[in-house]
């Protein structure tokens, strides 16, 4: 399971980095806590961070279950597609939120494949 | 642990479906990213999705620890109560946020039972 | 892994308690769902809860991987530093958001150490 563990940590470090971009944007655009709105560009960084949070809640257990019940190598590979998809998502969303679809799909699809694969693998093992 | 894994995936797929309802509500009610306010019904779907996210962060590890240290079957059963509670929560919140209590309680209580049971089971094993 | 499991549950119960403070603040300051803004003090409790959610998404898997690949006892110790840091974060943020840095650092740093240690440990095991 080491490849799975490594890709999970890479995805989590990416997410921590996204959080740091939000902190920097607070300073750059003068949005003081507890406010999370007030400047369009800050809000884009904030939403990228939170959308990544939304996905990670499913991504981490899905990686682990797919790795356990299907294949650790395929889990790690799908996880890397997700990480690259998140980079595209960040870039396109900050430039223009209307163009976020490709990066979004590239990071949501691996999560759905991991979830359904994990479900299938666990059900096979049970039967 | 397969029953626990299966119920975790079901809860995560439900959450992904809630996220899709938010995406659809963006279109229906004309709330463009990065905004997350601007139409009452959109905001209800958005809050249901995020409240489910809030719970899943505790639900997934609690399921795993309760399944490991207490009983996988009871973990799976409590997890299914949570899933049904989330369906009620979605329906009642979108209809009228003031009436969300029953679905809320039915999904929060299993999480608290799983957490405290997991704590008790791990402490028993340690002693 | 029992010490790791126990500290994970303590951190999750703390987070559930933070969520209850948000629910109480809704009543005290008259912020009705689905709104999450409208009163400064409510917003502080709300942001403390959500910032804790942001960290937990990384904290829980980081604790588990560090415990698995490096040391369960050190994972548990770092986890307790995180829990204390979150108490300081809550107190200082509610009093004055500008003074949240110490509690923030004391809870973010353990998460980063757990992540990087987990990555290092898993990579060592793989090689």
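When the chains are written out, they are named A, B and C in that same order, and each has its own residue count from 1.
To be clear about the criterion, contacts are C-beta pairs under 8 Å (C-beta built on N, C-alpha and C of every residue); 3 or more make two chains touch, one makes a residue touch a chain.
Quick caveat: nothing in here was measured; it's all calculated off a predicted structure.
If you lay the C-alpha trace of subunit A over that of subunit B, the rotation comes to 120 degrees, to the nearest 5. Interface of subunit A with subunit C: the two copies contact each other largely through different residue positions, with under half of all numbers used appearing on both sides.
Mean C-alpha position of subunit A lies 19 Å from that of subunit C. Residue numbers of subunit C whose C-beta contacts span two or more other chains: 53, 57.
Residues 2-3, 5-6, 8-10, 12-13, 15-16, 19, 32-36, 49, 53, 56-57, 60 of subunit B are the ones that touch subunit A when the two sit in their complex.
Here subunit B touches subunit C in the complex through residues 40, 43-44, 46-47, 53-54, 57-58, 61-62, 65, 68-69, 93, 97-98, 100, 111-112, 115-116, 118-119, 122-123, 125-126, going by the rule given at the top.
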